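Structure first, commentary second.
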Amino acid sequence: MEGFRFIHRQPIVLRDIDGFGHVNNAVYLTYIENARVAYLAKVFEARAIAEIRNIMASITVNFRAPAAYGEIAEVGVRVDRIGTRSFTLAHEIWNGGDRLLADATSVQVMYDYERAATIDFPQDWLALVERFEGVKRHPDGSLLPSG
Amino acid sequence: MEGFRFIHRQPIVLRDIDGFGHVNNAVYLTYIENARVAYLAKVFEARAIAEIRNIMASITVNFRAPAAYGEIAEVGVRVDRIGTRSFTLAHEIWNGGDRLLADATSVQVMYDYERAATIDFPQDWLALVERFEGVKRHPDGSLLPSG
Amino acid sequence: MEGFRFIHRQPIVLRDIDGFGHVNNAVYLTYIENARVAYLAKVFEARAIAEIRNIMASITVNFRAPAAYGEIAEVGVRVDRIGTRSFTLAHEIWNGGDRLLADATSVQVMYDYERAATIDFPQDWLALVERFEGVKRHPDGSLLPSG
Amino acid sequence: MEGFRFIHRQPIVLRDIDGFGHVNNAVYLTYIENARVAYLAKVFEARAIAEIRNIMASITVNFRAPAAYGEIAEVGVRVDRIGTRSFTLAHEIWNGGDRLLADATSVQVMYDYERAATIDFPQDWLALVERFEGVKRHPDGSLLPSG
């Protein structure tokens, strides 16, 4: 998979399959959730999920090919944009081989559960993303190669 | 369905079906959970799930026939036994017609989440069960017709 | 809910809730799937799911507010556009009251499973949609009020 | 985990957790299903799930302790008994450490999907189980150490 430094491997199990014999559409969101949480834990060094103060505001998924039982879904995750109070993730899901199953884009909003209010994207998280992805944030929020 | 005064109707949806074209075994536990919660809410007059202080200690499920998409699972629930700190539920799941899909027995333990300790089955709950089911609790915990 | 002639009611059950105490994001796709199938069955008069020859190509979901256990998700569905070989559905999910939980747009592609090939949107289905929604299809695929 | 030659590791993900903050009861059946399929694939050398001709007839699960997000469920599987047309599996689920989460016993019936009829437990499968588990089948169906 090109363009992703972080890839989460997700075995496709029987319960993920629906009556049409393929991975059910809703299950893709669970694959993406698992990959996102693993990404945030690794890149943002958040040890507990409670520390990852963000909520998904929107997601677009393009279903490219059906996935079958026994395949390993490989889910790429990277940060594509960092706004003042939100960030955008890009995702691709491959079948463990050369078949693209889906790609997706999601927007997460930084959120303080205790105060029940949106908060700014933390400056120290920005440095962690830039280092992990090898990018530099531009004033418009886009992330471009730093090299 | 004979022997049940409480029946919970549960439409079988696409996500419940697995790759073999039938309702997945694990989904039966969700049907039973939904029916149990509805039973407790009705019979014990518990308005919030937080008030229903019990946890499932064990369950036995006998799978009798496969269930298909589009059928309505009808889940019967009744209390079969009330111990000092636990109670036993009997369940049957029919397909909305004359086909028995599964039957099950589960044991719930009364539990105080705040104190993290088991507690006695409340006396006022006993009266509610006896009235709803038309039974009388015997010293050994069994419930027999009160008439 | 304004703007929808078809609304599917979906009780929110315990299994839909995640560790944050709200309906999990992935579950929204299941709610939308259930509503879509019910819509297609009603409007296109497809009796068996096998007759509904279409597959989801993409979906965008905007999460507007969290949903809690015990609420009834009301899912509105309507056809917004009919292309040569695809159609677009609009969805809104409300909490049974005045809180919008999510809105979504999905694109479905007409597909012949046996021939494994895309097919044209059937002319007789077009008439069924126009009648049910009270709209008229324009050459660009958009559906506008017919009155 | 003592007494199991086969252990299936299953990461506990966010979607497995319910509103009480623990792994939902129904999810245990999915963990057991995943472990059972992996066991059958390994011990019976069944390459495709279609070759594993058996259906679950019943299961008993004892819930011993709650499981939390981030733990790794370790699911032990072994054959405990082989009847003429069925076999019994024993399961234990640990939290990746020293906490037993659940134990379970399930009965599977050998089944020929094409003929829609029960069939005898294959003699060559018996040899495979005896070799893997280091046991010998007795006339009553029980499996005892062969050494």
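Order as written gives the chain letters A, B, C and D; numbering starts at 1 within each chain.
We take it that a contact is a pair of C-beta atoms (placed from the backbone, for glycine too) under 8 Å apart; a residue touches a chain by one contact, two chains touch by 3 or more.
These numbers come from a predicted model, not from an experiment.
Colleague: Need the most distant chain from chain D, centre defined as the mean of C-alpha atoms.
Modeller: C
Colleague: List the interface residue numbers of chain C and of chain D, divide the shared ones by all numbers used, and answer same when the ratio is over half, different when under half.
Modeller: Answer same: the two copies use largely identical residue numbers here.
Colleague: Out of A-C and B-C, which chain pair has the most contact pairs?
Modeller: A-C
Colleague: So, what's the distance in Å between the C-alpha centres of chain D and chain C?
Modeller: Comparing mean C-alpha positions, chain D is 39 Å from chain C.
Colleague: Let me have the rounded angstrom distance from the C-alpha centre of chain A over to the C-alpha centre of chain C, please.
Modeller: Taking the mean C-alpha position of each chain, the two centres sit 25 Å apart.
Colleague: Just give me the whole-number Å value for how far the CA centre of chain B lies from that of chain C.
Modeller: Their C-alpha centroids are separated by 33 Å.
Colleague: Two or more other chains in contact with one residue: find those residues in chain B.
Modeller: Within chain B, residues 14-15, 19, 24, 26, 30, 33, 49, 69 contact more than one other chain.
Colleague: Using the touch rule from the top, collect the residues of chain D that touch chain C in their complex.
Modeller: Answer in residue numbers: 14-15, 17-19, 21, 24, 26, 69.
Colleague: Tell me, which parts of chain D touch chain A in their complex?
Modeller: Listed in rising order, the residues of chain D that touch chain A are 13-15, 30, 33-34, 37, 49, 69-70.
Colleague: What residues on chain A touch chain C, complex-wise?
Modeller: 19, 24-27, 29-30, 33, 49, 55-63
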